[in-house]
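Below you'll find a set of structures to go through.
Both complexes shown next keep subunit A, but they swap its partner, so subunit B is in the first and subunit C is in the second.
And then the complex of A and B:
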């Protein structure tokens, strides 16, 4: 055993910096890609302007509500700067401009739905429709509140005069109920769906890591291809250890080193990106990609073919995952998800079928070697 | 003693060896000559137990290959036609690598002695920086680490300079005399065969075989 480890060390020592760099690459790229993508997603806001022709409570409420939206970046202009806001819209600095009229407060309180807001947009205003919907929802909510208050006051005047409450009391009670039930933030689920509290547009760092790790691992195993096709391999027939034994030991050593790096990755991604994952799923994923990379590298005739296979396999699995919803709905077989190693990893599932398959393939590879010779 | 009894080998429909027989004793150097494709390399691979004959039997020291091929491999040294070394390692690292995996233990000083005997003193030079002749010498030196009783060389001097060729030839002669190693040697160069070998086996196409004394060729 020590002889084989020493021999392996002789062969790999000059490639060690390269292998370590390759092994760290998934962590580095995952942190970079995830932080870049997620910060870009967070920073993106639809630029819009609100021109306020009257300084009223309702005008202020409207602009605050609009500005508090996660996808709007609102700039407020007074009546005198209306032309400046329109000019910037024409220069495509704004996606749309909302102009609140002088009697905006009155219109809201009395429920005048016609021409409440004047809006402007351009042929490049791709977010105009959702922005308009949001503005309409705010106005609807405010008008609804006044309608409810007026209705309750009317009821009180006609029927319950002795239990007098003010309009402010009604409005604050409505606000309290809204806050408690938090209807705006509630998610609704259809029958059969499960809750996923972290469902956001943010990239899952473990998905990013899984694909980069897959490609990089296959690239790292290029030395297996080089050694397998080397003329020097023939000499193992006259050694006390077979080439297959030597390579199995290599696989174990490389996998152990990569697992150590994976555990560091696990801790750093957990800490820096607050993305947790089941550690055992991660360990099994490492075994699967290393096993696949090792067998692939053993079969290839040149490193270039191995690199091409790595890229092709990575993109194939990514495409498969993106199309998974369609595939499952077409085939009606949700079990297909369990065939995808990356899907299994990010779902914190133990990918036993792939581990068994790779063990069988490795045994076949060893058995074929042992049956050679006279 | 090596005994080859009526072996045949065919690839697809073509007979490469047909009913070939030979014997050889320890200390002999036997040359194999013949045209390209006559079956020299195939015969060498069968003798090295890297390929199985379709028919016939081989014995080394009275033990058949069929039953004892793993045991025989420990006493065989095989020098392939391709230079079977690690190009990224130095001369000495190559020796250390194969010595570690060899059934016979060798110290670093013994490995250096072996390299010195074959006149390859550039221990620390990477193989990819060596000349063709030096690489051929290293190819031979690695095959000698396990102190083989039976050494098979497949065109060991192909494409190298005259000086290296003479040095390798002289080294093999000494090996046969001093260690009583049985050496079987293929080459396209008849002069080289005549200089190095005691006997020559001519392998022709269409199952034409002749076993001649090297002196007879002279």
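And then the complex of A and C:
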């Protein structure tokens, strides 16, 4: 065994820097892509418009609150430019338009709840629903505050016969209660974890990593293709160890090294990008893509064809995953999700079917064509 | 909650249904915001009622009624707004997404065909080809013409077929314009791929770079995410991007029935790339690259 390992080491020694570089690539690319995405995705804002028919304190509060959302980019129009705003909406320059009527101030203060504002959206508005919710929340808050203040004033009138507190006092008391007493909060976590996970709209770095790792692994296994078709293979028939033994040993060593790198990747991505994944499904994923790459490489007749099939396979799986929801709804078979290795990885599932499949195929490869090389 | 003590609402999500749980979480966020609001209101009333000397029973009755009223307000938040959807033309709504999808698919086709045509040349064959006088330039032009013509033909057929299915009838001159836009885009993208391939000796690295460039070209065409959603500092990039010009004029012609198109940026890009292509091919010929 040691001589096989030594032989493999001699063969790999010349390409060592390249191999090391390629094995670092998935990690580096994943970090780069995810960090780039995260840092710019905050700047992607939804363009919305607010048409203010009558300038008032409430109108200003509404516009300010809406603009302070980190998802929206609010542009303010006054009454005479209302048509311009709507036209820009129709030209798809705005995601949604909120129109504050003339007596907006009055409506808020007297709590008239029906049709306080008008909203316009289009069939291409991707952010209308959350924007609408935000606007509704703002309006409700303002109305609620006025209603509470008025109610207390009324109470005061009925119960005391003097004005001990004024509207401003009540309002500031309410503010104090809201800020200082720290009312209902939500803590959301997934079953099985104990910390609070932050809700982000960020890219799952493991998905990026999975596809890059798939392509890079197949690229790395091109030496299998070259050795399978090389003329030196015949010499194995006269040697102590068979070709298959040699390749299997190589496979085990390479998989072990890649696993070590994967564990480093796991720790780094957890640290830096705070994206967790089940370690066992990661390990299984590594086994699966290594096995698949190995078998694919031994099937191909030339390295170029291997690279072509690597790219084709990656594209195919990516397209499948992106269209997964559509496929499932069309065929009505959610079990299809279980067939996609990257899907399984992301959902922290253990991809046993693929492991079994690959073991069977490897066994076939070992036993078949013992005479094919000679 | 009634005593103004802070409380926590624990929501446990099913880790197997992450997307649904996130949606529920954001809905609950809104609900919690509403509850906080109502709670503040009720507590203010409670506070003052106690201060004004209302008796226990009456106060609790009051609070309860207030609570119910706030609850109903939260539920009925939909009536707050008078909503209008500007519907231009229902079929064009979906057609927009279809055109964008076709654009992305077309770009992927270019790359797939490019990969398929990668020649498996051993040095033997290469030497013989050089003896025959086959230059890199001719190989490159051959690739451009093949990929360009095939993908343009298939893309044009697909587009016209989709238009027919979508019930949009365009006059012949507009179909011709679409064809020109498609052809310009496809040929330009192909030349970019080939130049990258020539510049970089290692196949594997060039694949990665080609994929990145392709992604950027498609992304900055505004097909995956519309242009207006991009931050301001990226907006000027769209002005100079040939893919954006191609896609936006395709949309204008198909969806808005325009009879013009601007191809200034595309032709300029194509010309510049053609020059780069010629330079690269001559460098490659002298084995400098």
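The rule is short, and it goes like this: the second predicted complex is superposed on the first by the 224 of 374 C-alpha atoms of A that agree within 3 Å, B and C clash if a C-alpha of one lies under 4 Å from a C-alpha of the other, contacts with A are read in each partner's own complex, and residues count from 1 in each chain.
Simple rule for what comes next: a residue touches a chain if its C-beta (ideal position, glycine included) is under 8 Å from a C-beta of that chain, and two chains touch if they have at least 3 such contacts.
Computed from a predicted model, the values in this text were never measured in an experiment.
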Once chain A of both complexes is superposed, is A:86 in touch with subunit B (first), subunit C (second), both, or neither?
second
For this session: Using the touch definition from the top, say if A:144 reaches subunit B (first), subunit C (second), both or neither.
Result: second
Partner chain in contact with A:113 - subunit B first, subunit C second, else both or neither
second
| field | Touching partner for A:136 - first (subunit B), second (subunit C), both, neither | value | second
Q.
Tell me the contact category for A:237 with respect to subunit B and subunit C: first, second, both or neither.
A. first
Partner touching more residues of subunit A, subunit B vs subunit C, is chain C
(request) Using the touch definition from the top, say if A:74 reaches subunit B (first), subunit C (second), both or neither. (result) neither
For this session: Figure out whether A:170 sits in contact with subunit B (first) or subunit C (second), or with both, or with neither.
Result: second
Inquiry  = For A:51, using the defined touch cut-off, is the partner it touches subunit B, subunit C, both, or neither? Pick first, second, both or neither.
reply    = neither
Discussion item. Just to be sure I read the superposition right, which of the two partners does A:210 touch: subunit B = first, subunit C = second, or both, or neither?
Written reply: neither
Subunit A residues contacting subunit B in one complex and subunit C in the other none
Within their complex, subunit B touches subunit A through residues 46, 48-52, 65-66, 69-70, 73-74, 76-78, 80, 82-86, 88-89, 93, 96-98, 100-103, 142-143, 146
Listed in rising order, subunit C residues that touch subunit A in their complex are 1, 4-16, 18, 21-22, 25-26, 28-30, 32-45, 47-49, 52-54, 66, 70, 73-74, 76-88, 90, 93, 96, 108, 111-112, 115-116, 118-120, 203-204, 207, 225-226, 228-231, 233
In their shared complex, subunit C is touched by residues of subunit A numbered 22, 40, 43-47, 86, 89-90, 92-95, 113-124, 130, 132-133, 135-137, 139-141, 144-145, 147-149, 151-152, 155-156, 159-160, 164-165, 170, 173-174, 177-178, 181-193, 199, 215, 219, 302, 304-305, 307-308, 311-312, 315, 319, 347-348
The answer for subunit A against subunit B in the complex is residues 3-4, 6-7, 10-11, 14, 230-241, 246, 373-374
